[in-house]
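Following this line, the structures themselves.
Paired with subunit B in one complex and with subunit C in the other, subunit A is shared by the two complexes that follow.
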Partner chain A sequence: MTVSQATRRPILAGRQTTTPNATVTVAPPASRLSLRVPAGTVAAVSKALGIELPTRPKASASANGRHALWLGPDEWLVIDESGADLAGLLGSVADFHSAVDVSHRNVGFIVSGTGAAMTINAGCPQDLSLAAFPVGAVSRTILHKIEIVLYRTGEAEFRVECWRSFADYAFTFLSAAARDGSS
Partner chain B sequence: MLLIRCPYCEEERPELEFRHAGEAHIARSSEMTELSDDEFEKFFFVRQNPKGLIFERWRHIHGCGRFFNAARDTVTDKFHLTYKAGEPKPEITLMAPAEPAAWANREPSELNVDMPSKEGGR
Partner chain C sequence: MTETFRMAGAGRLTPAKAVRFSFDGTSYQGVAGDTLASALLANGVHLVGRSFKYHRPRGFLSAGAEEPNALVGVHRDAARRTPNVRATVQEIYDGLSAVSQNRWPSLAYDIGEANDLGSPFFSAGFYYKTFMWPKAAWDKVYEPFIRRAAGLGVAPDEPDPDHYSSLYAHCDVLVLGGGAAGIATATAAAASGARVILCDEQAEFGGALRFETGARIDGKPGWDWAQASVANLKGRENVRVLTRTTAFGYYAQNLVGLVERVSDHLATPGDQPRERLWQVRAGKVVIATGAIERHMVFADNDRPGVMLASAARTYLNHYGVAVGRNVGIFTANDSAYAAAFDLKKAGVQIAAIVDLRDDPRGAVIEEARGLGIEVLTGHTVTKTGGRLRVSSIAVAPNAGGAARVIPVDALLMSSGWTPSVHLFSQSRGKVAFDDATQRFLPGQYAQDCVSIGACNGTDTLDAVIEEAYAAGENAVSGTKVLRPAATTSENWTGGMLGAAPGAGPDDTVKAFVDFQNDVTAKDLRQAVREGMRSIEHVKRFTTNGMATDQGKTSNMHGLAIAAETLGKPIPEVGLTTFRAPYTPVTFGAIVGHSRGSLFDPTRRTAMHGFAEKNGAVFEDVGQWKRAWYFPQAGEDMHQAVARETKNVRRSAGIFDASTLGKIEIVGPDAAQFMELLYTNPWAKLEPGRCRYGIMLREDGFIYDDGVVGRLADDRFHVTTTTGGAARVMNHMEDYLQTEFTHLKVYLTSISEQWAVIAVQGPKSREIIAPLVEGIDVSDAALPHMSVREGKICGVPTRLFRMSFTGERGFEINVPADYGEAVMEAVWAEARKHDACLYGTEAMHVLRAEKGYIIVGQETDGTVTPNDAGLDWAIGKKKTDFVGIRGLRRPDLVSGGRKQLVGLKTVDPNVVLEEGAQIVATPGQPMPMKMIGHVTSSYWSPNCGRSIALALVVDGRDKIGERLFVPMPDRVIEVEVTGTVFFEESGERLNG
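Now for the complex of A and B:
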């Protein structure tokens, strides 16, 4: 008996909305880790991941396409754009922690352009000025009716992470907001 | 929109990220089975529901996910202060007196707002 290989079908793969002021792109697949780490274990987990877990609110750390995003006092979202096996890296950490692979739970969107902040502010009530939300800032927040993780990767570029089942909604909403902001 | 200070995120965030979670500082008995029905009813159902200052639990559910406590005025919706879960209840005497709500039934002269002049314009 032959067992057919399961085929991954990334949702919305390659979709893009381009308007004069903002572009909304579906980010390529990445591996993601939902991390809960008590304060005493942060150093060991940071070492295993090769990236220092930030401990300040709204902070992030990046190295070689790997990003550690502060979500709460003991919670992080780790994204690796190269698709590395993040959970495997933590196998050697004996101290108590929780690491759940959520690579396929989330979908990422890149919102870029001079109207990027305005596009996101169409559904997100946070202050996205550079003073309040500088490059590298990250926050779990809301986008109209859904919860997102918002990560500022550049002055005019954001990464929006949402749950897969909300991906259609998020992409349609961001696309409409980008068009509205450019008309 | 209300801005609520999250003591864990250390900044004010829009109210849409938060969820109310009932009255704060209600201690659960360590010997629940020993409680009389009246005592249990008081613990489980009876709440202060005051007009004015109240201590409440709130959760930054669409942010850091943490529960914290807040001192809020039920008349004006003003948040006097927020503090981390587990911290002692602040002294009430430290609270500023409740300010009148903007919509309270007061004479315009008592309200600290600019009123349009009768000639039109401001």
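Now for the complex of A and C:
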């Protein structure tokens, strides 16, 4: 018998908050990999992914909508906006590494506008000046009461990633913070 | 009413825009820019409150944040009633409604004033002495009395409708205080391009330049220089200036808490937050908090109309308001003279300057006499006259002699200036007493901060400007910036500490030291006489400095009086430590966004909406909302759970198990890692099979449990309890990074990657079979405790054959965004087979019927696998795992431990209470010997009776025996049984 295909129902799909200070948008679904790679295998994994895994703390690498975010000395979050099968790309890498599909674990938000940094700073204690947190900078940090991965995609644009069940909280918090703004 | 005390041509509130407001129901007019205090004074109103203990009439002492008297309630509407607002800080807006506090029936006629007559009863230590005996009276009489008398103002009884904001910020230099020093240091620091934040509690920058008319900086009047400088700072990208922003707390590593009052001064706050909490991490903190003028301590120094000299100058020079028409001055220093000059020049009569100093010299004396003001040197004010407003002062020579009564309608006083070392002290810096000037100044620093200006004891304006510029440059290693020239005609030094001659020494006069807590010079002397030696004791005994103003005007006087009474120098008596907050902070500012849905994250599974549509009642499990039960029309919880539990065993039930923690363990050493973290053996578990695992702590006690599936040689899918998800992950990562660093293993949390649908019951296979592709779900191909990867409804699945009910069961893992669609498809199939949806309550009953434990319910951190009857889960041949040595401890292997058993009540209809204690025999004398407790207890529809699990000393040896559960109203007799109540053979698991 034929079974109807289950459709994907992303949480908060299409939600957006717009204020004069900042816009908070729920990012479209993407594929994601939690990647753990020992130093010796970084080159092989980079080659398979077509993106050089950054090894400097807080750094990222980005090409064609695929982003590798440094989270720790042997840990990266890879996001592919086109939804490519990232785990499949790594099938050829025989050396020890761990690539776990977390596409559905995370939800992404785009925070943009002149008040983007201030919106995030409502709940994130990091210094988000361009000098301390330049475009491309990444940090696994907190947004008030939840853990997030923060990725600066532009001078006035950030991507915030959190786990699925915290998405409601993240969106509500960022929306409230964007509304408050500051003089 | 008209503003009869607003002086034409005086002040800076121009162009004057009229603002209407009310106080105690009377409507008044003020001017935009007024504080409630200046606006009331413009209307001739001095009486604004009643004192806390004696209910004495009180007026404005100050013009700033140090105000101890003028605390009012500000009522925007029914839900916005803010008590204890300092009228000297609150700006007026159209429609502001303020009320006085601590009076009944009215401010002018207050019954509580009788306390003033009865004051001998309310002396220092009154509460400690009076409410001692009899002990029994405490609950019924004393405490209610004290609680009724305690506290000022009335809190609103509706939820706060305002919202509050928060912000973290970083800067190179944080400047606390926007007077001449703060502005100058910010200017110097900003010149180098460093990030600077400058904040001030007032609505406008300028600090003491608000009233100090003699100051000239850069060729301009001080105030004009301040405004021009701040305008310049505002124009710089690297500078943030914050007005109405109080630095209230100085914490570790230069973290400073600021509270910004965003909209309290606005008639229509709109959508703006009421306040914003800033948490600023600064490279360098510059403390430029200035100094606070002290009052004089003499009899009846608290009458409305008696105030600080600098306050009167502020009201005149900034707000254009005269505090009286015939004003007296009582001083022990030069700075108060300037108040007399300013008022005199504005046309106010100066009744006299009473100078405590015997032979003051200098320009101010000459100038006073030149202006025709009578100066009485070597004199003191011995008391004041009047009731609701000062009407006269009695003046006598210090040396003694007849007093002369001088009519006044206001008295300005100054005994000198106290450097505001509060924030320096909060930074853990040590203050040092400067003998020459009789004041505490910043001594040893504990953090990377610097004090400048008046708070650092720098008295002359040119020195302040030089110090401020140097500090600003040093803070950022910047280049030298050109200093503006600064001069002032005023002298801020000198003064006296402690009681003036008019305060006693030991009569019945009330010479107030602490206005807000009604502490007099006599109280402090009495405290010393009664044995208090340390200032910490004196303070607590008298409550001096313990009100919401934190003793900003009273601490030094109190200390000096105690020191004098003790016959010791001031530094030997000590200074109490300053603590946050500098001024009161609202709970709203502290709470910020953390209210309503942002109080705490509410976590919902991917199938939450499905459960809602199907009528689920939810329960909170940590931050999760879990479907508790699914009542049908007319069912209560008991009936719904009874139906669900029977339905599962009759046909099948569907359950959302998504909240369980899940961890993917990957690497060639994955099995070895599992061997070390769990008690069970894993090496020989074949890919595609599952095992129930138990995890211990080092001490041998159960930490967590869950079913683990081996997906491949080098890949495990571990499940944990819902509550254990985060801590088990951390526990594993800890061991991997510290103890087992040789293992090639990586851990990834996949709790939220997978939504989990449990399908349990005899019909479970028929339900899922049509939906699954690529997996043979027959009992032969997919036996109990196995796992396969394939597809369901066209999407990837990890399909577990496992059971937490004792029935044939499956747990379908699908990527979370597919969870709800797959759930709907499963439910559509399930309905063809008489299945039900069930919630956590039925899940609990079903597992208890089979004796399956829940970690955290049957275990409490002191239960070993053996205690729980789970010895079989320990790999007997294993030589190492976390907790193996703990399990060999003598106490863990000896007899007499509590063991998990079943309990059946002799009356099958009685359901025990969870947590109830168990005894061997009833009727023992109290306290009875307790030998165990009930861990789980339910009505079991499938057994047709109550069932319970319990931990009982040597329980397994007691199976078949009768024990007793004493309850408040009866004793329940129970029989000890095994832990499996339903189908002991376990055959149903295999279908």
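Everything below uses one rule, namely that the second predicted complex is superposed on the first by the 179 of 183 C-alpha atoms of A that agree within 3 Å, B and C clash if a C-alpha of one lies under 4 Å from a C-alpha of the other, contacts with A are read in each partner's own complex, and residues count from 1 in each chain.
Heads up, the rule we're going with is that contacts are C-beta pairs under 8 Å (C-beta built on N, C-alpha and C of every residue); 3 or more make two chains touch, one makes a residue touch a chain.
No experiment lies behind these values; they were computed from the predicted model shown.
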Per-residue contact with subunit A, leading partner among subunit C and subunit B: C
Touching partner for A:P125 - first (subunit B), second (subunit C), both, neither: both
First (subunit B), second (subunit C), both or neither touched by A:N21: neither
Which of subunit B and subunit C A:K58 touches, first, second, both or neither: first
Touched partner set for A:H104, first subunit B, second subunit C, both or neither: second
First, second, both or neither for A:A176, with subunit B first and subunit C second: second
Partner chain in contact with A:T41 - subunit B first, subunit C second, else both or neither: neither
Partner chain in contact with A:I142 - subunit B first, subunit C second, else both or neither: first
Partner chain in contact with A:A6 - subunit B first, subunit C second, else both or neither: second
Overlap of subunit C and subunit B interfaces on subunit A (superposed complexes): 125-126
Residues of subunit A defined as touching subunit C within the complex: 1, 3-11, 29, 34, 36, 38, 74, 96-106, 118, 121-127, 129, 132, 144-146, 163-166, 168-169, 172-173, 176-177, 179-180, 182
Touch list for subunit C against partner subunit A, complex: 163, 165-170, 195, 271-273, 276, 279, 281, 593-594, 597-598, 600-606, 623-624, 664, 666-668, 744, 746, 748-754, 770-771, 773, 792-795, 814-818, 820-822, 825
Sites on subunit A touched by subunit B in the complex: 57-58, 71-73, 75, 125-126, 139-142, 147
Complex contact set, residues of subunit B against subunit A: 1, 8-11, 13-14, 16-17, 62-66
